[in-house]
């Protein structure tokens, strides 16, 4: 479904991605783990066209998307839940969700999806008229995921969904991720600091170091891998 | 054990909303105390109240230095709180990004220096000495947190984990006797978290600084803390040693969930 | 590069501009005589001009991007000459000598007019360096800076008129009064941030000007104060030329003094606090820095230089009226700081020289002068958004323990 | 108290305020979306007025009727002002999107100077009489010496423009995109908003509002020259900040407050210091409400 | 790709401008150099540009006839934006360029700032518009002349007209806070206060450029003023008059020669009817005026602007003085200006000891039938 071939991306003077190649098949949950600053977020930003790669190619369902504008990429069905949630603080919960469906015109379907996310996160339904900025961190993360789901993405990119959240909320969020993947058949590309959690939920994983992919395998084998256990699982 | 920070009956209202509801909390000298609770429970508000960013609606807050000098910090400005010996870090890193690592630490020392405008212009020997000592002291502080190799880098170019540690170093440069850490492990991976654990312990043991931290990483909290406070909806729901907290049903229900490793 | 795509783009641009400028450039209506003048040749000019300019513009944009790209790809980046001159001792020592020699010999070589405009530029260097403290270092956007300049100028004019005080006596008094005003303004605006601060300072500048305009008993109103004596030099009588040269050297001295003081301030505990305040106010306070005191000190010190500049201004022009202290003046001084490169002393000096001398040298283009000045502002900002000298700030460098550990 | 006098001052202030509001709305829109103090906004208004004048002049000579001229002149002003606003954004602000904010401000000052001198050179430095395009309404005859038809039209236009813009921002797709872009540009792009287009449209709408202002004000005052934009721009900026910059109702309220302040101060005290008073009033309001009357309190999240 | 080195281009441009600025004028051949200074950009440009055009027309005519003293006259035009500090630079620039005489400056403030420099360089300056009384009355500027009468004379005329002809009792004195307008208003107020026949009921400055003056107009109405004496220029005057008339106020409106401008009538249209304004004695019948105005329309396609006749006259007077003096020597020119009469659009004039033109006085005009008509 998504294929990155030797992607190189730069931030100012710094080369953040030094030739990333990876594939994600339809229906999978694939996780990308690695240390801070390894280039995980940059990888997602490159896919979304926010920080377009300088070299290399990215294909989505066979179509090259590495030269596309961000809004075009979204319209193809790639949606991101960025790090730090980035809720529109002065829009209400409902308006935030509405923004998620910005590129869609099918009113009835939008309504259905709205009901669906409210069923996933009942708390959002309760707060539907509250400004996004007044939600707590956990609720914001739920809203961010819901907003992305409102675009009815075929590929959902999740960046550090557990960051700064209480253990209980983290658990809830990961359950939802699994649920969305199985119920909606949404392919998920998950970037996560907490390798333990990520590998538990994912089918496959990539390990990233210093802007390069150093390892890839099924989630189970990665969990079993001695190196991974030492460096990322802290065991 | 004598108290370093005593907070009693702290209440904070925002408009009609009660963010903190009569919280009592004490941190003793030599202790590491954790404050945990769900997102939006009021932990950061609590920090903002005791550091002078917000003025609490009610309650009493006192700082007691190791020498026994007690100061009521209600209504003090943030910089005055810092001068009285309490320093903090921030949940989302707030370094001076366009300044070097060394300069960041030097600024932390600001309130312990005396040079004024005439001193700056005429630069008498006293000021010269102060400045050169400042640079050396700052460097030593960086050595303590293991950042000396970055000394001349710009803060924004540091790796994430190092930025977190620089924040701690900067806070330490204000010569506090109590240090507040707001989610110091957020965004760190397991390795970095382990190093942070060691650093915090070292700060307590070697510098004799007591620590109050907010953190979601339960492994870190449980291994570090002497005592833990749990808040939910602005109210204290539990208080005790890690062992007690881990098994407190109210805490499990509101915050931890069943499986703590997750 | 002259391929079809580019050509098409340029044609489109040219058509767009022909459309854009059509009514204002082409038609001139005289409603009294009922005449319409159609000046079609102008449209042709615009078309041809914009056609070629669009190539140049795109080439320049590409160049700018390429510069960025080069830097990103880690290639050997050609360090701009300016930065090399400043940062490298091998370059900056000889360069400094050359600049000093030039500055010293200038009035002996060039005409009175050149000396005169150079003196004006130097006044703006001093004033710009003052504003640099407020805007560049402390990050407080001040759009009413000219008020302090006016305070300085009127202090000299009025103290001289009423009490016959001389230039040298008033220089510190004017600076002090301006400082006082800086503190007075500082108090109410401490809580404001960003553009709210900008608008309040703008208002303050206007208030001072309007008071000067209206309060005749105090300031002689819009007709101003004439016959302000030029600075004396041990009572020696000088002719016009000599006195201008004398003021020129005086300004050189004052500029050097300003640079010296501002540099020392910048490298001090106070200077660091200013910069930290600019970076992050909340973190700054958490580090024990008193926001109020730090902001006030920036305002007060910034104002001081404006006051001194104002005293010299009054002495040089020998006549002042409120028309010299409009908001445009504040804007120009702000342009000097931003265009030169915020926070950089050399930048501000360059900015002042460029912005004050440019309109004078553009006199060769007579009526197109201000049009070109406006265009120059845009072009300079678009292609050098960081200013002429960007990113040059003295940084504390650690070079090891127990030795003289500061570097330029 | 002389109520009639008070009422007339009130109306005078309302006129002033409505005029400021037409400019402040565009100011605040542009500011809201890219945080740029668009110093050239006043010049866009001036361009609108000049275009209208030229169109009116040509059509009058061709013998068109007044209403047709009014409509066509307004249309031309709107089209051309929008075109200038759009072009200025593309040339002078877009390349500076990632640059320090002050650089964009200086660039805007450059645009302002350029446009002023462009009109000065291409047209004239003199004041030109602007025809009164607004017909005298019959029903206003009895109160003619209190309120004039051009004033009524100004009030009405301001109200309509404000309502229309509010609806646009609140309920339309582009409005939502604008609000999203204003709050978080990167995130807006991530949900599929074409940010560049949204910014362009904002400039176009803001400029069009200014153009409407240009036609009405010029028609009300009866004269224009190349410099009218500058002072009007500053006043509109003050009004927008007073109301809380970035907020539409704030811009209108701020403008009205400023208009009334000036009017009453002049009426009851002295116009010598009307601006002094207006600015002191501004400072006072900002001291007690640091983000303007209706501005959002931008709390720094710690 | 065409390789364009931006920096080099810029350096080149600046260098070119620099060279042009430094050496341009110095290379000029043997000519009589006439400097023209005034605001040619910025908000006051409309008061400075007509003078440049007047000078251009006169010089064109004179050069066509062989110039002055057998030499061509060369114009050196410099902008001073009406700012004192720029005017000082402008003056040194003109002095450096070797001008023989200067037409300008326009604003009194700028003129004062520049005069010292001309004085030390022994250059005669003649302003078409600087009306500040101190310029000639203080005796500080022996090199200064003007073809316009000073503010006090004008104010006196306005006040006397109001008292003797209109016989009004309550007068509102307004001004635009400017150098010129406020100076005039101050004098008017002074004269009125000395006279028991009338009372100043309102003395106030309005803010120039404002969009609406209804508050001030209300105030005039409330104070029951019989007449308004306004010091300032026509843009503000037309706004005030229009609003007064639309409020059906019949109050007399008396103003100065900043308002005695055809633009005022064009802008205020029917509301201008009946407005009084002082202006230079009626010269519209003067053949030279008619000729000058026709030349302007022919050359520039529009009516001349403010101070055009004054500038035209000043240029003629200056060049005539050089011709009569037989040289460009300062003392000779000054002497010629004081002794030799010259025919100008303002009539036959020469200058008195202080530098004011003799024979240039003011008359009162009234707008009647869309035209300014002298009131006898």
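Lettered A, B, C, D and E in written order, each chain numbered from 1.
By definition in this document, contacts are C-beta pairs under 8 Å (C-beta built on N, C-alpha and C of every residue); 3 or more make two chains touch, one makes a residue touch a chain.
Keep in mind that this is a model prediction, so the values were computed, not measured.
J.: Could you run down the chains that neighbour chain D and chain E together?
T.: Looking at chain E and chain D together, the chains touching each of them are C.
J.: Suppose every chain is reduced to the average of its Cα atoms; which one is closest to the average of all protein Cα atoms?
T.: Closest to the centre of all protein C-alpha atoms: chain C.
J.: Which two chains have the greatest number of C-beta pairs in contact?
T.: So the pair of chains linked by the most contacts is C-D.
J.: Taking the mean of the CA coordinates per chain, how far is chain B from chain D in Å?
T.: Each chain reduced to its C-alpha mean, chain B and chain D end up 48 Å apart.
J.: Using mean CA coordinates as chain centres, what's the chain A-chain B distance in Å?
T.: Result: the chain centres lie 32 Å from each other.
J.: Report the inter-chain centroid distance for chain B and chain E in whole angstrom, where each centroid is the mean of the CA atoms.
T.: Comparing mean C-alpha positions, chain E is 70 Å from chain B.
J.: Between chain A and chain D, what's the gap in Å when you average each chain's C-alpha atoms?
T.: So the centre of chain A lies 43 Å away from the centre of chain D.
J.: Counting only residues that touch at least two other chains, what does the list for chain B look like?
T.: In chain B, 53, 90-92 touch at least two other chains.
J.: Show the residues in chain A shared as contacts by 2 or more other chains, in ascending order.
T.: In chain A, residues 14 touch at least two other chains, as defined above.
J.: For chain D, jot down the residues that touch at least 2 other chains.
T.: Expected reply: 117, 129, 272, 275, 302.
J.: Would you tell me which residues of chain A are touching chain D in their complex?
T.: 48-50, 69-71, 74-75, 79-80, 82, 86, 88-91, 95, 98-100, 102-103, 147, 151
J.: Hey, which residues of chain D end up touching chain A in the complex?
T.: 173, 176-177, 179-180, 183-184, 186-194, 296
J.: Flag every residue of chain E that touches chain C in the complex, lowest number first.
T.: It is residues 1-2, 4, 6, 14, 17-18, 20-22, 24, 40-42, 77-79, 82-85, 88-89, 92-93, 95-97, 107-109, 112-113, 116-117, 120-121, 132, 134, 140, 177-179, 182-183, 186, 205, 266, 301-303 of chain E that touch chain C.
J.: Which positions of chain E touch chain D when the two form their complex?
T.: Within the complex, chain E contacts chain D at residues 41-43, 45-46, 49, 177, 204-207, 209-212, 214-216, 218-219, 222, 234-235, 238-239, 242, 246-248, 263, 266-269, 302, 305.
J.: Mind listing the chain D positions that touch chain C in their complex?
T.: Touching chain C from chain D are residues 31, 35, 37, 47, 50-51, 53-55, 57-58, 60-61, 76, 80, 83-84, 87, 91-92, 95-96, 99-100, 102-107, 109-119, 121-123, 128-129, 131, 234, 237-238, 241, 245, 272-273, 275-276, 279-280, 282-283, 286-287, 290-292, 298, 300, 302.
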